[in-house]
Amino acid sequence: MTVLLIVEQVLNGLQYGVMLFLMAAGLTLVFGIMNLVNLAHGSLYMVGAYLATFFYTQTGSFLLAALLALPATLVVGIVVELVALRTLYERDHLDQVLATFGLILFFNELVAIVWGRSALYTTLPAWLSGHVVVLPGLRYSVYRALVILVGLAVAILLWLVVSRTRLGMLIRAGASNRTMLSALGVNVTLLYTVVFGFGAALAGLAGLMAGPIYAVQTGMGEQILIQVFVVIVIGGIGSIRGALVGAILVGMVDTFGVFVKPMLGTVLSPVAADSAGPAIASMLIYLLMAVVLALRPQGLFPTRAS
Amino acid sequence: MTRIMRVALLGVLAVVLAAGPALAQEKVKIGFITSLSGPAGIIGEHMKNSVELALDHLGRKVGGLDVEVIYGDDQRKPDVGKQLADEMLKKHKVHFVSGIIWSNVMLAVAPTVTSAGTLMIGTNAGPHQLAGKMCNELYFTTSWQNDQTPEAMGKYMRDQGITDVYAMAPNYAAGKDMISGFKRYFEAKLVGEVYTKLGQQDYQAEISQLRAANPKAVFVFYPGDMGIQFLKQYAQSGLREQIPLYSVYTVDEISLPVVKEAALGQWETRYWSPDLKNAANQKYVSDYKKKYGKMPVFYGAQSYDGIMLIDSAVRAVKGDLSNTKGMVAAMRKADYKSTRGTYTYNVNHHPIQNFYLLRAVKGAGGQLEMQIQKTVFENHKDAYYKECGMKW
Amino acid sequence: MGEVLLEVRDLVKSFGGLIATHHVSLDVLAGETCAVIGPNGAGKTTLIGQLAGDLVPDAGSIRFGGADVTALRAPARSRRGIARSFQITSVFRDFTALDNVALAVQAHAGSSFRFWRPARRDRALRDPALEILESVGLGARADVLAASLAHGEQRQLEIAMALATRPRLLLLDEPVAGMGAEETQQMIRFLGTLKERHTIVLVEHDMDAVFTLADRISVMVYGRIIATGAPDEIRANEEVRRAYLGEDAVV
Amino acid sequence: MSLATRARPAAMALGLVALAAVPVLASVLDQPFYVDLFRRVMIFAVAALSLDVILGYGGMVSFGHAAYLGIGAYAVGVTTYHGVSNGYAQWALAIVASMVVALAIGAISIRTSGVYFIMITLAFTQMLYYLGISIEEYGGDDGMRLATKSQFPGVLDIGNPAAFYYVVLGILVLFLYLAHRLVNARFGMVIRATKSNEPRARAVGFSPYPYKLIAFAVAGGMCGLAGALLVNQTEYLTPEFMHWTRSGEIMFMVILGGMGTLVGPVVGALVFLLLEQVLSAWTEHWQIILGPFLVLVVLFARRGLWGLLPPGAGRNG
């Protein structure tokens, strides 16, 4: 383990973390404000990835595809909100989990029918496929560096929106006390639609950025969804700050799982380390979540006074 | 909820439940189990397409008899596969059960079928148990035993004198089998052996570790979407030009159009390739492309072979489907035109066949394709047949 | 009037920057009815919450019947004899009125780790529950779902549940809130009968109820108790008038 | 009593008779497959019933109930692998092991509530799932075949499809009865009161935690036995039994049939599995039908299919 390698893994953890953050930010807002458990958030990520890939192959321009895919995902999100989710706000979490579980099945098959079951081809545009020298001896993928920058930019933007604007004021108010919103004379229905569309667009952005590095295929949403839930639960539901901290934490823990085996190797026999290492690495983030919740049942940054 | 909605909901339910499958008639009945829904459904689609193509080539008859194929979606779950097998045996009363992509589904299904006295023709999964201690007179496969393919890669790399190899696979049974199969013929020590999470999406952390270990070659097993992700990320990391990548079951005709250049130069071993020069294969490949508009993949070739093998058996007993012994004897001869060319069956009913080294190259039309470079093994036997007590 | 039953010393509770309870001290004597009044947001419900054990105070102590109960949570305090009603009606809505009271009886009838005999046929729970229901005038409504009861009836049911725990101290959080004039009068009469047998801490906005029932009144403003005394003293207190009752609010 | 108020008891009696008649009918019609199918339905009904005890009566939305299905299955699979196939021992172990694990998971999870509870139960099951695929000894992800079914020497042979069927039916009926006693006993009233209104329950003097924890463990134990039955049904042990989507499916069976009704989950398991069976035979795109169906049930049939029947005279059927 050299210092450079550790720096590189920190970058990897950060990159994975901001990716999770983009998903988590939308989910945690929808959660915090509308009290909606939306398992179909992963489907919006998938839709974002598919739309971006589709537009990219049609237009040949990654930027143009991004510009088209984001509003398109936003529209899909709003349609889903209007058609299916609106009636769920007053329901309990159980109904929400099940109905949105149903939406997952629907979206996965819909995508399979429209684009086929085979994964879609997509790759990095040439101008993003190079490497930058981060430190002497450490080259890092331009694209992944861009993902980190975009993720951090979105985090700052979100922080500004939430802490400096009227919309953000409403969001904060809604997250800590829903009934207050209608008392303030806010058009709650509209606010919900806006926030949901906003969350969908963020998930779409994550999907868009995931396209060139992951497999764009049906079911891709669920693979990341559970980790995103881990993130927001660790961070504290409804808290953007919690989502960011949780995402970076999970990204780092997951990435540094690669060191579990070599470290175990120093205390256990190589055979035992070989079999225990990967198993522990797979369980790390869930272990992290269990420990956090055991100590702080409301996550690291609870938004609601208990 | 209104009364009308309730009635409508119950009504729909009643209709759907009542619409059970139709009555059976006397003809050859084949139950074909594969994964049709979910992400793995793409493999099932290729297998199903190839079964249909085989039936087209046989004039929609098997062994001269009318045929009915009942498809089942195992959802990649062993218990669902087992239930489908029960349904096919007991309800549809099929004469053959075929298909099965996954080792775990196969291990649940095959004994169920054979213990009912019915023939099981596997067309993909090749778990070592069924080649060894659990081998059965009524179980045949038209694919391979899992370990054979990595064994071929191990042998090739040893023959080339490649050292300092770094191996990676997902952390599950097949992943570990693949690495141990590889090591069986590679023999030299690996400089790294890494198991990643099953279903992992991002391999950047592992690729950073790999780069730091600075091996001379990398051997991986990453099937399905894991392969797509790994290949993209490996190429994006710039390692493609620096460290050659060798793999098994990672690049195929399903993933190639998805990763394209990211797979350029990739080495794979396999028993079959679309460019195998024999009449049966050329007919299969060209008709498949004509009918379905895409390249076939080995999953399909095996399934096509499965139907052809059944056809040869039914033909040999002159349509007497009760003559199981006769059909087993006929199948042991592998007397049909296989897409891989001629092969023979080992005592454990697993093929003794050639394995080739393939490489992803730019084809004549500019698109990427797998091409055979050389033969690594001729008439290769699997490592487990001695544990099988069957004699014939 | 007997010895001090409830002894609150220097209770402090704040939420974020907002101080809801500011060094509140309060004594309640056994047998008396002590009312706490004050404008909205004065911290009355927060105080009740701390007395009942639903909220943990930041500082200060609560002694009940001579023992320090500050560290005990709501269920334990209930078992020691502190019962409460809620400002917003809180009953088991999908149970019948009788079930509601029987549950309260059960909570104080020893262990509930009984897995076999049907609780609804357990006369040790049903008989006292029915008796209490009848005593609050809900005997005829025993088999009605709590959710289907009228608002006033639900409030009565809540008090019945509190009574079923055989309390030594009743904490009533605005028992007549949301009631019509006639219902209010009924409830005040009913509370008048309770007063004979129970020690009560009453938080209420309805001045009619307060001055009819209370033996002593404490006035709370912005988390502090600014005055405590007999009803007549409070009525005459200038500071209370200014802060709360208003010049023309003489009852 | 009008016809309507008798709908539920009548449907229950009819259903029981129909279930008992399945092996007979199957053998008359020479369709033995239906014995396997309905046995599988009943096994999942036991799992769904156990979830209903904590979900429908205790308000604990456990999104990790498949964990106990897996532990029960592993209890049988692992002992068989090591040469012990005594059914009494295996099934008892399945129950006890599941209860112990449920106690441990519950002890931490029940401290949280709402979404946190949903997610932490999911997290624990994910850990067990990854543990399952990592243990090579027991087949890892591949799982392993059960060498023999659980043995009850001299008493019965569950290798006989009909005998096994009636064992499962017996267990289902027994558990329905036990659960009925449990939720109507003093203990059950506490968890139901807690579900209905936790602050109120605390105010009258109940400390919900130990009651919830014990209910959680009891449900785990019941589901553990379902796991032991399932592994005997499939004769195959696989960590797939613990996949998170499996938890979702069990939960859906409860909702579909009607939670908080005991019989509801049985109806839910029946309809869900038959629907899956029929739809997947019909089209490979069956999930595009099942998905919206789930949404519609949640939106419009809030009390589940069993809830569509008018309740009997007692409100607590």
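For reference, chains read A, B, C and D in written order, and residue numbers begin at 1 within each chain.
What we mean here is this: a residue touches a chain if its C-beta (ideal position, glycine included) is under 8 Å from a C-beta of that chain, and two chains touch if they have at least 3 such contacts.
In this text the structure is predicted, and so the values were computed from the model without any measurement.
Of all the chains, the one whose CA centre sits at the greatest distance from that of chain B is C. Look at where the CA atoms of chain B average out and do the same for chain D: the two points lie 34 Å apart. The mean-CA centres of chain B and chain C are about 72 angstrom from one another, to the nearest whole unit.
Separating the CA-averaged centres of chain C and chain D is a span of 43 Å. Residue positions of chain B touching 2 or more other chains: 37-38, 41, 171, 197-198. Shared contact sites, meaning residues of chain C that touch two or more other chains, are absent. Taken residue by residue, chain A touches two or more other chains at 108-109, 112, 278-279, 282, whereas all remaining positions touch fewer. Viewed as a contact network, the protein chains fit none of the simple shapes, being neither a path, a ring, a star nor fully connected. Each chain pair that touches appears in this list: A-B, A-D, B-D, C-D. On the chain B side of its complex with chain D, the touching residues are 1, 5-6, 9-10, 13, 16-17, 19-21, 36-38, 41, 44, 71-73, 75-79, 82-83, 86-87, 89-91, 103-104, 107-108, 111-112, 127, 129, 134, 171-174, 176, 197-198. The touching residues of chain C, when paired with chain D in their complex, are 52, 54, 73-76, 78-79, 83-84, 86, 90-96, 99, 102-104, 106-108, 112-120, 122, 125, 145, 161-162, 164-165. Listing the residues of chain A that touch chain B in their complex gives 2, 4-5, 8-9, 12-13, 15-16, 108-109, 112, 116-121, 123-124, 129, 131, 139, 141, 143-144, 210, 212-215, 217-220, 223-224, 254-258, 261, 274, 277-279, 281-282.
Interface residues of chain D facing chain B in the complex, by the touch rule stated above, are 31-34, 36-37, 40, 130, 133-134, 136, 139-145, 230, 233-236, 238, 240-241, 271, 274-275, 277-282, 284-287, 296-297, 300-302, 305, 308. By the touch criterion given at the top, residues 181-182, 184-190, 192-193, 196-197, 199-207, 211, 214, 315-316 of chain D touch chain C in their complex.
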